[in-house]
């Protein structure tokens, strides 16, 4: 019976075995289960309707690839003890556990200056406490504090199992077949030399292919103009909601709780970046979302106040979406317009163009002000200029090493005849205007 | 530019063309966009993590198959005018538009006696009004009031494009490869005889295969025991929430709105089915979910009060999930236990067994009462007996016809050497106890 | 370097590892390499152009599935020693090694009364001698003489890895997606009870599905009417060639060799089944094909004369095809017509009808005789009546056992609600006339 | 009934419709059917066992893609008449019809100085005569003599449907998933500007991806070292056979035929490139293969003597393979060693190294001479130095044009930020020694 629950049907890799109780317990943990409610690709579903897969699916897929990589490396004579295998598998399972909903959006709005990696670590430590230290090694590996460095590289490096899974999985669910990488072939070519993950010489073209597929996915999916525009909308919505909510006289029920927080950790109020008119009007939200709308939370708060972390893990995609739908009827015109458009998929348009001059900007704002009947300083919620850049095939800090049959080890950038440094170091930039079409 | 937006990347069928502006406008309608926020398979994602696909994806897939079927039938000499093609494609696009979140759950809890088909029709009519009657033909086809009956059969029959898409799509996303039907082959074998969709003789085995795949999907996915148990939990949660919420003294903000509703349509209050203790305690909910928790809505209300429909289309998966998470902290023990377990995937267990005797039931209730510290009559929220039945390969009312090369037309049940009536009419039943493990 | 060669890229299963040198040596053996030149599905490529895959690919795929099954059974606590694992894997690798080109055709024409299983065994024994007895256990398992019976069942039974591979592979290459079985799921559900392979209770539907897919493949692919008709053509061609060749005065070069054979093993000449006219005209053939055209070889010859086996392994698809192309210009009208049609894909037509009466037959023959300008008794080369029968889902001798969670073990035919005995025992028969259209 | 035969099941694209009788008749032509017996990738099956697909499958796939491209271009407003559509589809069907077995091998051994394109044209013209000129337009398009140049580009250019199909198909059957290109996406982005095929601006990354996939397939499949080594073996075998056969005193039966040829077209005998010893010993071959072994055929012969073409279309993979198997027993040691190794997959080894010095070469030859007991000048059959070069992503003569949304049209090499000219023009070269390991 137990056995039954330990096999997971995955459309990408077929059946995924959960190797043992230890890893199964991690999967059953409420922090991990939460990933079931967070989409891997956030708003991308607006562009690629198939992209509904969750961070949980990705984490399970990365676990699968890691278990394959462990088998492969062992078969090549590298010792990986059972404990180490469990450690690296636990680390990969948990590597994304700190992601919030619409991660990049959230990290730039309702929380600030806290990366999901930091939160992942906090959550791992919390689970570790509950599990009586069983995650010690996993955390060491995650933090690259374990002496076998290549284990960390399986979790986080240019060739980690994280990337191998998400590229393949995102390709699968978006239907963008060009992003499909040969994860199995790459794993077959993994080796370890001088405690570094390396790729066998005959794998050079596979790596080139992988880097190109990654680049393709960046421009076709991750940095898709409409996705970017939709993220901008979401940021504007949350900024506006936070602005409206931030100086709100607290209602009775919430008061005690949030007051406590404020006293304990001295969270500053949102400073109003512009002088917007209608601050102080309550917006509907679940208590935990409300907490982040009312308070300015930084990294320190996360570490010091356990409530912050608890509120954080309460939030997922549904808090954001359910609130935005309610906000479509909010009396604040800025908020309601943005939310209506977002909900009904009337997305910001995009223009690839040179940055606007000050004059162009003022003209645009004037136009919005007149047509929408809002203040000039409120018009900033309806457009945004973005510079997209990607040098995703760069191998700057952390290189991909190729091991030659004669034993020599060289950076892929030196080996490949197409990925030459001149190109690798070139950032590709696109300047984008995202704006409400009226 | 226009063109660009009319191709949709679908992981199942590749690229789906939206044939024209008319159909594109339907897709852009807010009622249709709402399907983006409703998962096709509800709670099934708890069992098959890949099953995150939406009702929107399914509707687009069914559109694709319908457009293929139209091409095929035309190529066999059957006239389908442009208007009819648009009508049948619009009908299939909209056939599921009346689904709420966790459809079967919802239809048995917060609304009653209203099928999603009825709501679909109401929503189609509303869109039709907005579009100035352009959906007249689509609605006729949907309701089987159009003289070319086979067009309706493409939308709704034993072999409709709805089923062809959902079986294939659900198979794809769950990873249950056995459910993969040969939709392309079946469409190649479609024909029309006496205004009925028929299958060419050489397609007999394809149809048998399709019926078997359907049967497999029923037992392996749609009626999966853990899915059923999870649906039961969700039903119990919503019943409890509705009970608690129903006699709630209304708060100021909501009062006006919901009072209006009550006056207009005389919605009765929830009669308490049991004498539970703690009725009248507010539960957190979005306004539209709150509306359904506070009122007992029936089919008549839907037809007569436009607000009801408006509230209905406001609700999607996120309202339910975000509320349940908040309810994990509710002071009502029954609600909070159920919600905590649901959120953290501590699901009801299942036992395939004979129906419990009255004695067994009382023992179980007594045990729950003692261990959980709740009233005896509250224990009914922690278990449920279900009889699953499926005769999915039955072809009773609406048959699948096979056309022989000599022109004769016969029911598949007469033709197939394995799908004989004795078997086709046999209902398979499984009696299931779903219960909280303590 | 070694390592490199031991991974095989398989379009069906991805990468197939050859577990060790022992198995690799078998694969490198010339008898195994020969399977590279024999198509798995013979003439089926005429109907499904994708069906070009070889018996070698199938054998490697079956090896892969067997290695997966061994892992699964071990994980469930059943001891399978390294030696046993190698034995069963060697046995599955070699299970088809006795197949000749166009197997069913060959077994009914140029050899008689020798099954490919018998030849497989002879070849295994020969390899075993060369390998110094390393195949002893594999042969025991193959012959079901090893005490762990379930190992034999992995190689040959209703649920063997042979079938799991060929159904999936044939489905893949023909493009008949409906035949795709869930091999991975079935393997996950394998268990051993009382030394029998059994399927866990929850796998009942998978087995039903597998049996139905198998049935589908039979009618849609293996017994496809055009395939059958093409096989008939090939049989007629080889019969005619053998007839013409059999009383041939031997040429100088061949004389010694074939004379030897004749002397040693007293192979009788082909008795002419009809009094055809033009016996004794040489047909072009490779020496080994010529050997089988000139001699009537039976099972005894295979066992006693090593040359027979050697000639047999020399023959593959290319001997047959290259000869037939030359025969298109043969002076024998019967042979040249058949061969021209075969080469240019002017295939026999088929009619599903009642067996012909003697009168109908005579009329047909008369017509052929007149139109083609041949003798009446030669007309039998241009038509054939066939009775196709399939009860492929029958489980008569060798049953598929289901193990219930309570430990009970029952036959699938008793368990399944659709595969009832009445149906299982019913042979489906189709009577077919295959004939040259003129 | 007709209809039935016009749908082909293709594992890559699903169902392929043969649009009309005209195209169906081409497919049924014996010259086209011959492609059924020629593997698309020749000896590659030795490295990738799945690569058994035929040139016929490829031609049908290219037909499918062309029909899709025609639909797409028409939908963008470009006129393509029915006649033109048939012309371009016939041209793509027939574009590879001149390929012989193991094409590159054959073109360098038993025929000389005749490209398969030339032979394709000759065969098209012959079919055209038989069809009463119905292929006039197809031939014009094939030869780029038709005024709508873009139609020719669909058949032959950097982005032709030939390449789109073979990359995708070869990727599919080898199992090298990295070569899978997004053929559907590329076709969606096709347009015509100034009578040139162009790609819409948003397709730049797809084209980059396509070029990279192509490059990957070159190094991983088409120029795979073991494939190259195997082709070398095959070339050596055919050269040796030709040498042995060329001055052969003709046997009675063949004499008339080949003498005719010699008289008519004055084919010179093979000049012996080295002074090998044992010239003049007959090798077994089918008559048509024998013809090419006995005569030196050049382009002129093909044009002037219809028998040459007829012999050519008689040859396919089976002639080569069946002969080589017979040659394993040939009395010429060089031939028999090569053939035994080839048949039993004891392939030449490869070393990537600098070209050998004269001294190294002599040492190697001396070694072979001693160990194999052959003359020094015969040792050249056991090794070969090859320089592989590929600039497959180069766009020199015939460019890939990108059409910007503002109408401008530029070469992909100028547009892409990674495919810069410096790299595009760089030939990658690998120097390879292929040799018999002893």
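So that you can tell them apart, the chains are marked A, B, C and D in the order they are listed, and the count of residues begins at 1 in each.
The rule is short, and it goes like this: a residue touches a chain if its C-beta (ideal position, glycine included) is under 8 Å from a C-beta of that chain, and two chains touch if they have at least 3 such contacts.
Just so it is clear, the structure is predicted and the values come from calculations on it, not from any experiment.
Chemist: Listed by label, which chains are in contact with chain B and with chain C?
Modeler: Expected: A, D.
Chemist: Between B-D and A-D, which chain pair shares more contacting C-beta pairs?
Modeler: Result: the pair with more contacts is A-D.
Chemist: What chain lies farthest away from chain D once each centre is taken as the mean of the Cα atoms?
Modeler: Checked the centroid distances; the maximum from chain D is B.
Chemist: Using Cα averages as centroids, what's the distance between chain A and chain B in whole Å?
Modeler: 32
Chemist: Quick check: how many Å separate the C-alpha centres of chain B and chain D?
Modeler: 53
Chemist: For chain A and chain D, let me know how many angstrom lie between their CA-based centres, rounded off.
Modeler: Going by mean C-alpha positions, chain A sits 47 Å from chain D.
Chemist: Among the residues of chain C, which ones contact at least 2 other chains?
Modeler: 14, 176, 185
Chemist: Under the stated contact criterion, what part of chain B meets chain C in this complex?
Modeler: Touch residues, chain B against chain C: 176-178, 180-182, 185, 205-206, 208-209, 212-213, 215-216, 219-220, 393, 417-418, 420, 423, 426, 428.
Chemist: For chain A, which residues are in contact with chain B within the complex?
Modeler: Listed in rising order, the residues are 8-12, 14, 28, 30, 33, 36-37, 39, 45-46, 48-50, 52-54, 56-57, 60, 172-176, 284, 286-287, 314, 316-323, 325-326, 343-345.
Chemist: Using the touch definition from the top, list the residues of chain C that touch chain A in their complex.
Modeler: That would be residues 1, 3-4, 7, 14-15, 76, 184-185, 188, 202, 405 of chain C.
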